[in-house]
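As written, the chain order gives the labels A, B, C and D, with residue 1 at the start of each chain.
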């Protein structure tokens, strides 16, 4: 059976993957950690562009905000605290890993022969459960974005687990680095006094727009690409931009540490709470069809979303909406807490080192 | 009519792509940070304007046009601001403009907080 | 040659994965190791998404069967192909790996932050993030290992 | 057809930017290359929507433009000032004063 490989798509696929390989080699080669981080941010951008070629719009969205945005900033914060900007090279230590990587790589490439061709529609991965989701989603849930539907409804329990993991990481970073609250107590240290008026004005203009855009991504998530994870990260990026331009102290006055901490927990509570409400109303955990009791469901006007003829699954609509809000709260608060931890520790460490 | 619009849009897009390549060549070939910033930021905003205009011709007037306008607005807002901040920071760090082998504003000074050099430390 | 064309993505995935693995094994710097781990993780994501791609498919945000976009997407494809693999006349890529990788990316940055936090604490306790120096220090062989200034 | 040519042109420009990001020589060159690469990615994503017939994915191009800016500012701030916490200076005010 011949599969029609669309030439433009395939050429773009190859070009972007070659870019990724080139960047990866540059990362391996460079001894400067700063250059490695910078190249990783370019790597994320290129891989996100590749994800668009491979039709993974939601993943590209996430990779763009997370890979290019948050992980670069977290890595910069870590380098700042670790004070090491170049790694030392020991060529003798390169031989064994090099041989090992070559051998394992060879074996894996050999094994890859057994994998289905790129774009094979009849491969086992594409022909069973993925197809079933595509066929059932509109009937069961009524949301056009199958990715959001699977994420929030079919695999809602899984996503709850992921949210809890993110929350746990938040606690872990906060316990190890502190909540950054002591940063506000430390006396200000001098940095070079350059004039960044343009940046301050543009940041002032952009921050509300970014927050607005985060809400759009949040509530548009079951119609187009987007959802709670992406919106949460975008929201956090707005707060991080504020901290970068106006200083951590000003940001901590606007978004206090205690607020971020409790919101991170609140998100998980909202998510799990939706599941519990479903149990109370007679369904299973996170079975959104039971989110509203029949009496409540009858009160929802049929033309709430326009189109009164279409059979709406209000429980599914609102269940997805609520748990996405929970995800948004946890993710954004977690990333803000992490940023506070990394950026806020700087001053403490400097102070502590000055004293000793 | 639609066909003509497609050709116009395509022409704008190709022009934008050529401008982007031109800028990239400039970034590769120019002698110092400031000229490179100049090449990149001018062609980024110019190329983006041309390309987004071309895409506007390709799509019917509607929600997509609004989003294209938004993308254009964001690029026009952020790209020059980032270039400005970058040049500002590079100058503050002591990197001085260079033309050929001449440093027209004195030698590079080691900055107070940063060495600006790729192979630093 | 056709093998390389149809399996090119897997070759690239393996190269990226091995680049990440090589960094993790060969570098003594804890932060560089986390970068390698991040690269390794990205390559896993690429692998999943490669598997989920369907030729001629589009992103799994469903269209109305009779919409203009849907018809435009199906037009260049063989009708029999669309009938066999499409849903309501449009061929979609497999959404399930997208779901898995989407959450994995966010969880990945959270775990990256935890790993980096550990590296920072190691730096504060030992004065270095180089693994061999930490080893030497923890063997209480202080005269053999000078902590980084 | 012309859209595909535009995409190809952008890919060439992006490759050249990667070369600049690799060779440096200063970190400011690298940040510049990363920023410019990001802008070209925004255009590529937008154009890909038209090439593959789903122009409604412009949201993603939008988010790229935003994130690219924030990353550039973070990198610039880090390389120049070695801090993420201090505010950037404004006219007539000491940089450390309001932080």
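Keep in mind that, in the parts below, contacts are C-beta pairs under 8 Å (C-beta built on N, C-alpha and C of every residue); 3 or more make two chains touch, one makes a residue touch a chain.
Everything numeric in this text was worked out from a predicted model, so none of it was measured.
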| query | Is the number of contacting C-beta pairs greater for A-C or for B-D? | reply | A-C
| In terms of CA centres, which chain lies closest to the overall middle? | A
| query | Between subunit A and subunit C, what is the separation of their C-alpha centroids in Å? | reply | 13
| request: Could you put a whole-Å number on the gap between the CA centroids of subunit B and subunit C? | output: 29
| note | Cα centroid separation, subunit B vs subunit D, in Å, comes to 9
| request: List the centre-to-centre spacing of subunit C and subunit D in whole Å, with centres computed as mean CA coordinates. | output: 21
| said: Give the residues of subunit C touching no fewer than two other chains, as numbers and ranges. | reply: 58-59
| task | Could you list the positions in subunit B whose residues touch two or more of the other chains? | result | 74, 78, 81, 85, 89, 92, 111, 113, 118-119
| task | List, in ascending order, every residue of subunit A touching at least 2 other chains. | result | 35, 57, 77, 79, 191-192, 194-196, 199, 206, 224-225, 342
| request: Could you list each pair of chains that touch one another? | output: A-B, A-C, A-D, B-D, C-D
| Touching subunit C in the complex: which residues of subunit D? | 52-54, 57
| field | In the complex, subunit B residues that touch subunit D | value | 6-7, 9-11, 13-14, 16-18, 20-21, 23-25, 27-28, 33, 36-37, 40-41, 44, 47-48, 51-52, 54-55, 58-59, 63-64, 67-68, 70-71, 74-75, 78-79, 81-83, 85-86, 89-90, 92-93, 95, 111, 113-114, 116-119
| subunit B residues within the subunit A interface of the complex | 74, 77-78, 80-81, 84-85, 88-89, 92, 111-113, 118-121
| field | Residue ranges of subunit D touching subunit B (in the complex, touch as defined) | value | 1-3, 5-10, 12-14, 16-17, 19-20, 24-33, 35-36, 39-40, 42-43, 46-47, 50, 55-56, 58-59, 61-62, 65-66, 68-69, 72-73, 76-77, 79-82
| message | Quick check on the complex: what are the subunit A residues that touch subunit C? | response | 3-6, 10, 13-14, 17-18, 20-21, 24-25, 27-28, 33, 36-37, 40, 43-44, 47, 50-51, 54-59, 62-63, 66-67, 70-71, 74-75, 77-79, 81-84, 87-88, 90, 93-94, 96-98, 100-102, 104-105, 108-109, 112-113, 115-123, 125-126, 129-131, 133-135, 137-138, 144-147, 150-151, 155, 158-159, 162, 165-166, 169-170, 172-173, 176-177, 223-225, 227, 229, 233, 331, 334-335, 338, 341-342, 345, 349
